[in-house]
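Common to both upcoming complexes is subunit A, partnered first by subunit B, then by subunit C.
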Partner chain A sequence: MFDFFNSIQTIHWIVIVGSMTLFFIGFYGLTTQKNLIKVLVSFSIIESSLFIFFIGLHYKTGLVAPIVDSGLKTFTNMVDPVPQAMILTTIVIGLAILALGLSFGIEYFKLTGKNDISTMDELGG
Partner chain B sequence: MSLGYYFLLPAIFSFLTPYFKRLGLFVLRGSSIVLMFVLFIQTLLYTNASLPQISEFSVKPPLGVAFILDGYSLLFLLIFTFSALIVSFYMLWFFSANSGRDEARFYLFFNMLIAGSIGLILSCDIFNIYIFFEITGICSYVLSAYNKDKKGLEAGIKYLIIGSVASLFIVFAIMLIYLQIGTVNLGQIVQRFHEIDPKLAVLIVIMLFIGFGTKAELFPMNFWTPDIYQGSMAAINSLFSSVVSKAYLFVFFHLFYLLGLNGKYMFFVMIIGAVTFLISEFTALSQTDIKRLFAYSTLGQLGLLFMALSTNSDATVSGALFHLTSHSISKLLIFLALGILIHKFQSPKINILENYRSKFLTITLAVSFLSVLGIPPFSGFVGKILILKGFALSHNYAAVAFILLISIVESVYFFRLIAMMIDKKRERVDISISFVNYAILGILLGLILLFGLYPSLLIHYTNLASNALLHPQEYLKYALGVGL
Partner chain C sequence: MNLKKVLPLKDIVFSLLSSALLLTLTGILLQVKPDKFKSVGEIFLKLNIQTATANAVTSVVAFFRGIDTVGEVTVLFLATSGVVLMLSETQRDSEKNIAQESFILSIGSRLLLSVIVLFGVYIIIHGHLSPGGGFQGGVVIATAFLLLFLANPNLKLRHNILTLGESLSGVTYILVVLVGLFKMNILLGNFLPHPTNEIGELVSGGIVPVIYILVGIKVGSEMSVIVEYFSKEDYHKEVRDV
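Up next is the complex of A and B:
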């Protein structure tokens, strides 16, 4: 009776619903939070939701990993490795931006004692 | 030289920065100049080569990654390497006038910024375009926060948040494209774009539009630009104005014409460009901060370029690319000259133009203002007249009237600035200009005059570029790896 949960459609629906929920949690944080660190965390959540969405929709059952040792003799019965490579790259980039944003936040806090983005008003005409 | 070195050399120099610093400041400053000089000379050599050129890495496209240089990217490569060379010379003066700055940090991100911008215009693979988009983005966030003061950090934080939102849209668009047609190669995407469900295709186009439009400073998404310009140094503003925003504009129109969106969305982009032009020029009238004022002026010119580049007619696009080149040169001159004034008076207010005494600076600034405005015999005139001629040839007289009307608004603030510079009643302070700055501003002034008096020198390349942009069959053949 649990075969239902192993079918590819169910897994895809779970991934879609889960990642969209995560996306809206991040979006909510992005629009309501004023604290710079919370804003950056919301970004991370949105990014993660996109990654889960993409990787999850590429999940397939009954195929082997695209490594020559794992029983792969021809290039027919394997999983597409490109999404994983793309997502790994994107995760690294997202991490770099998060680190940079946090370091900006720390420097700004040291100078002004504030980390609220709504009170950043040095610039303006 | 393989095209890969256009990205590799600046990246390697960027990573070697700590060692150069250990060898001395002279090596650090010199290495950047040597690098940009080599890249510029190499690009000049490519002007005689047969185009397009391709360099694939290990595997041939469409499976592998490749760089393609066609007429369109050649023009931008010339602009970028030339601007980088000029800015690296300018930094010689800047760092000797402001000693004690963290020079290594500047050169690290400056070289990487050039590497990213060049990668953005050469790669023929949408995922690599995203990676270079992020490299350029991260470097510009750090550079805009280079002065670690309140304004600089605020500009950096704002730019980072806006940039991350833009990149989320692009990632999502790339994922949707990959889910639908299973490829990231531009040639294959173009071939199979019609297989995507039309509704989903609209979503993808909107996401790419928001992502690249935000970075290319298009109207509803450009509210952040003046803040960034105000918070960062003048030399970095010159890079943003003549390299970074132009690189994003390149990608925007490259995808626009490759994906064949010029039929459906031409009118839309034209209207958005016109609105950008209109609002920016009117807002510029009331600015008191000089860097903000020229940020709005840059936005206005970009709006004009968006209007003209989306027309799908050879004459207008060629004229727009001429105007783009001359705008890059003029804005480089304006921001670098303003950098000298801001350094002298330690104030970014507009009235610094009333307080200095230097005939050379007045002449160079006035010429570049008039060039942006489109007054003969300077290069901006040729660009603007070619755009107007193109619009008139395609019987779009409304656009001609609109551009001329907005140019009147533009002339109000430019002539006000010129009047401030030549006002004789003011008490003025003598300003000393170093030899490097005489040379840099002199070269830029010479180019404005040269392209104004002999436009055929540049028109050859802009025609090549517009031809490559509007008729990308050759490019697609190379991107697909046919006949390699």
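Up next is the complex of A and C:
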């Protein structure tokens, strides 16, 4: 019965449904929350759903991680290394954006004393 | 009990909209069969034996798409500059209230610091052999400094050393790229010897481990600065609730 769970369609199905659910949890938070910190956390949740989506869709059964080890001598039967490298880049950029956004939020709170995005009208919005 | 009073109408509309979008996008994505596509990764895996790097992800990050990594560390540098610019004002204010530090926490964190930094350095210099590399090891080193800042509130990093390491590694990265251009006629040419029968050894892969060590130094110092500025935030200030 476990062959069903090992089949590639089932794994892709689980990855798509799970990552899209996570995406819309973040989307819901992004649209309904008013606290600036919570908005940034929702942004981060959306990012992690995209990481899971990319890595999970490039997984194939029967293939190993793209690293030559003691038992392996050639680069065959390995998963695609490009999505992993791209997601590594994306994680670092996401971290940088989160740190920068949080520092902007802290500075805004220090200047005005509010972190509610519906009351941010300094630019006449 | 009225549902409209417990949940605002806007929340209900947004959750219904999110669910509809979720079902639509999931339905579209489930039609995709990724097995049908030929990917550039297969070409990279075929060419990867020439770089003599055991970890194919590292050779993609630091060699095949090494110019991308230059841009990536630039983005990280800009974000660090922004964080320092935003939060350096508050650091001057918080010098006034000097917190008491615990003796056991202070000594314990200093003991753990060397072990965590050693682990980070191990991850960095084995980036071309095993999972890990410059970005991951750099963040591990930054967690060591986070532990130090949590245990010793009055600690200050010596920013001239961090700035020196950060800028020297960045400049050396650009120099490695340019030396590849002059010696091999391509940007980021692998000008160091990299015999393919030495694959899997610590000194192998030519410039790939060099680049990842430079990235590790750069990321480690930048993340340490970010961690320092965020942990030095004045958390005694009264937070007005929304």
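By our rule, the second predicted complex is superposed on the first by the 117 of 125 C-alpha atoms of A that agree within 3 Å, B and C clash if a C-alpha of one lies under 4 Å from a C-alpha of the other, contacts with A are read in each partner's own complex, and residues count from 1 in each chain.
Going forward, a contact is a pair of C-beta atoms (placed from the backbone, for glycine too) under 8 Å apart; a residue touches a chain by one contact, two chains touch by 3 or more.
In this text the structure is predicted, and so the values were computed from the model without any measurement.
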- Query: Looking at the overlay, what does A:L63 touch: subunit B (first), subunit C (second), both, or neither?
  - Reply: neither
- Item | subunit B versus subunit C as contact partner of A:D80, first or second or both or neither | both
- Please indicate which partner A:T89 is in contact with in the superposed arrangement: first for subunit B, second for subunit C, both, or neither. both
- Message: So in the superposed three-chain picture, is A:I46 touching just subunit B, just subunit C, both, or none of them (first/second/both/neither)?
- Response: first
- Between subunit B and subunit C, pick out the one touching the greater number of residues of subunit A. C
- Message: In the overlaid three-chain picture, which partner chain does A:E107 touch, first (subunit B) or second (subunit C), both, or neither?
- Response: both
- Look at A:I14 in the shared chain and tell me whether it touches subunit B only, subunit C only, both, or neither; answer first, second, both or neither. neither
- With the two structures laid over each other on chain A, which partner does A:I97 touch: subunit B (first), subunit C (second), both, or neither? both
- subunit B and subunit C footprints on subunit A, overlapping residues: 57-58, 80, 82-83, 89, 93, 96-97, 100, 104, 107
- Partner subunit C, residues of subunit A touching it in the complex: 8, 12-13, 16-17, 20-21, 23-24, 27-28, 31-32, 34-35, 57-58, 60, 65-70, 74-76, 78-85, 88-89, 91-93, 96-97, 99-100, 102-104, 106-107, 110, 113-116
- Message: If we count contacts the way the header does, which residues on subunit C are in touch with subunit A in the complex?
- Response: 10-11, 14-15, 18-19, 21-22, 25-26, 29-30, 32, 34-35, 39-42, 44-46, 48-49, 54-57, 59-61, 65, 68-69, 72, 75-76, 78-80, 82-83, 86-87, 89-90, 129-131, 133, 135, 199-200, 219, 226, 229-230, 233, 240, 242
- Message: For a test of understanding, state which residues of subunit B touch subunit A in their complex under the given definition.
- Response: 127, 130-131, 134, 137-138, 141-142, 145, 148-151, 153-158, 160-161, 163-164, 167-168, 171-172, 174-175, 178-179, 182, 184, 226-227, 230-231, 286-289, 292
- Item | Residue ranges of subunit A touching subunit B (in the complex, touch as defined) | 36, 39, 43, 46-47, 50, 53-54, 57-58, 80, 82-83, 86, 89-90, 93, 96-97, 100-101, 104-105, 107-108, 111-112, 117, 120, 122-125
